[in-house]
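In what comes next, subunit A is part of two complexes: it sits with subunit B in the first one and with subunit C in the second one.
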Partner chain A sequence: GVLERSREQLLRQTCEAVVLGVLHPRTAISLVLQVLSDAGSLLSCCLNAACMALLDAGLPLSALFCGVTCALQPDGTILLDPTARQEQEARAILTFAIASSERKVLMATTKGSCSVEEMQQCLAAAQRAADTIFQFYRDSVRRRYSK
Partner chain B sequence: MAAERGTAAEALVGQVVLPGDLLLLPAHYDEDAEGERLRLSAGAAPQGRLLCGPGLRRSGAGLLVTKCGLLRHRPGGGGAYWVDSQQKRYVPVKGDHVIGIVTAKAGDVFRLDVGGSEPASLSYLAFEGATKRNRPNVQVGDLIYGQFVVANKDMEPEMVCIDSSGKSSGMGIIGQDGFLFKVSLGLIRKLLAPKCEIIQELSQLYPFELVLGMNGRIWVKAKTVQQTLIIVNILEACEYMTAEQRKQALAKLSGN
Partner chain C sequence: RTVEPLEYYRRFLKENCRPDGRELGEFRTTTVNIGKCSCSITTADGSALVKLGNTTVICGVKAELAAPAVDSANKGYIVPNVELPSLCAERFRSGPPGEEAQAASQFIADVIENSQMIVKEDLCIANGKLAWVLYCDIICLDYDGNLLDASVFALLAALKNVQLPLVTINEETGLSEVNLKQKNPLIIRKHPVATSFAIFDDTLLIVDPTAEEEDLATGTVTIVTDEEGRLCSVHKPGGSPLTGAKLQDCITRAITRHKEVKKLIDKVIKSITPK
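== the complex of A and B ==
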């Protein structure tokens, strides 16, 4: 459907920004993501899974990326990684794809309405949360190469 | 900017590095060090150019990591850094010896599937002792062991079955029977290391013929089908078994 297509486009743009395509001209890289269970924050989960898959396949990347979802509740508090229930009750859901090089933003998508200051606050919170995810990537890779 | 983000390359040798990490090289390689060309430093700076191997790209004054894996360093001759990564997908590299499967004969050229993104081409004259009158007997579906003479990202890879002096040195059509299977590239590199224990232990079990292709393909042939399959299973499992588990498995088999 249209929702899946838009998610595909967002994922594709994020991956194209980090994959070093110059090393593989005239080659198609296809990434297949299968949703086993959806408990909220699906797009950022897909982003994280996509990054780990690209890492595992050995494709040359210029940086790592991760996805963080923020939910803006009606009273103004920011919630990171909301569940499906929290997503429904929120005033706005913002998803950011953040790169590991200087925490730059690769992709931002919003559902709902929020002010510019609130978006800046959500972005700052997401950039801080990205550190935890990158540390998880590092620990996973360390475990894999320790065998 | 780069200085606060990068870490010294020597500090990370033998550790896991991830894409996006910036490695800083020691100062002796920096050529524009404030106008001083000759520096008398206490440590002997290795002469020669630094080699930037697979998984690394030059960026500014340092090296950018592009694949995840363990950082390795070889100090001889100017030094070389590379990332030891595990992957299953093969990318053709000039000089690699690989096993290819013949998929088509197009005039004077055979098309081989080597596991990369494009089929490789092999001319019929690239065999030892081949002339226009004396063509090699290659059919579709045959296995060929050869090396790449052209392999870069811009051109279709080309293979030959002779080395630079015109001798075949073990390359050519792989004989009848035997079993071809695919493993990860890391296991092949481990098996090709000098004095590999796995091969030595297996050779004490049964006599067998083995061809290892750098594209992850292994061809095995032993006296009977059962022995061949046993060797295939052990080689596939070697990826995940520790040395003790492997010795136990081989002891059980040789006891039978």
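== the complex of A and C ==
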């Protein structure tokens, strides 16, 4: 449906921005994501899975990216990586794809409305959380290749 | 221009302007035609035609009656549909809607939902029995970049023009009676306005890109704001990375643009209300 198409467009353009396509001319890189279970923060999970798969495939990337979802609760607190229940109760949900180079924003989507300050706060929180995720990438890859 | 388009554009961008003479932060001339008199769709309940430079988008809203869903008995439906027919640009072929059209439809649905411009409870006539369904068809007649801005604007203008007839449910027969003589306008709570930017070479941001600029750009950002300065949507589908500060610049420009667009809509509405 249209929701899947819109998600595909987000993922595709995010990956296109990091994959060094010039090194692989006349090549099609096909990324298939199958959702096994959805317990909230689905889009950022897809982004993380996509990045790790590209890493595992050994494709040349200009930067790594990770997906972070922030939920803005009705009382104003920012919740990172919300569950499905927390997403439903939240006032706004912001998903960012943060690049590993200088923590720049690669992709941004919002659901629900928020003020400009709240968005900047969520972005800052997401950039800090990106550090944890990149550390996880590093550990997973280390584990994979140390066996 | 045809042999080395990127170099051609870079030469202009170095001087902080663009080939069509605009500044980096300047929009193309926006014109809007609302309603049955100046717009073409006489069979629709509300219609608007928006021209953003050469990009032409027409929106028609048709209201129909339907039974509301079981789990949300007091909510009506709003169904937006964006179509990019093959006549608007040579890259679009006829057939099932392509990814761009579907992504745009989803974007418009998200904007309506996020901004709460139409509260679905307002569309309910009788709890659990009858509700309005608003089919919003947004069709691009000429694609010259910046489809999302024009679509959101056309949708807003068309919805402001919609007049819904009064519907009552006859107690004895249980059937609905439509009173075409008495019409009420739709209650529009918020007025979202979209502002799109194209990112060039990871650093430069230009507002309201044409089709040529969109092709050469390395990324796009669309920001939708409402009249209170709240962000209804930040849509950045991939493309070059941006720092938080650059994003903030985009948001400030979007808020200014909102005021311009609001003034334009109010002027047009005022000019057609006496009829």
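What we mean here is this: the second predicted complex is superposed on the first by the 147 of 147 C-alpha atoms of A that agree within 3 Å, B and C clash if a C-alpha of one lies under 4 Å from a C-alpha of the other, contacts with A are read in each partner's own complex, and residues count from 1 in each chain.
What we mean here is this: a contact is a pair of C-beta atoms (placed from the backbone, for glycine too) under 8 Å apart; a residue touches a chain by one contact, two chains touch by 3 or more.
Worth saying up front: this structure is predicted, and the values here are computed from it rather than measured.
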| item | value |
| --- | --- |
| Overlay on subunit A: subunit C relative to subunit B, clash or fit | fit |
| First, second, both or neither for A:Arg128, with subunit B first and subunit C second | neither |
| Contacts of A:Val141 with subunit B and subunit C, given as first, second, both or neither | first |
| Partner chain(s) touched by A:Leu23 [first = subunit B, second = subunit C, both, neither] | first |
| Partner chain in contact with A:Glu102 - subunit B first, subunit C second, else both or neither | both |
| Touched partner set for A:Leu61, first subunit B, second subunit C, both or neither | first |
| Touched partner set for A:Arg85, first subunit B, second subunit C, both or neither | neither |
| Subunit A: partner with more touched residues, subunit B or subunit C | C |
| Which superposed partner A:Thr14 touches (first subunit B, second subunit C, both, neither) | second |
| Lowest inter-chain C-alpha distance for subunit C and subunit B in the superposed arrangement, angstrom | 14 |
| Doubly contacted residues of subunit A, that is, touched by subunit B and again by subunit C | 63, 99, 101-102 |
| Complex contacts: residues of subunit C adjacent to subunit A | 99-100, 102-103, 105-107, 109-110, 113-116, 218-219, 221, 226, 229-244, 247-248, 251 |
| Subunit A - residues contacting subunit C, complex | 2-3, 5-6, 8-17, 63, 92, 94, 97, 99, 101-102, 104-116, 119-120, 123-124, 127 |
| Residue numbers on subunit B that touch subunit A, as the complex places them | 1, 5, 16, 18-20, 55, 57, 64, 66-70, 85-89, 91, 117, 153-154, 240 |
| Complex contact set, residues of subunit A against subunit B | 18, 20, 23-27, 55-64, 99-102, 134, 137-138, 141-142, 144-145, 147 |
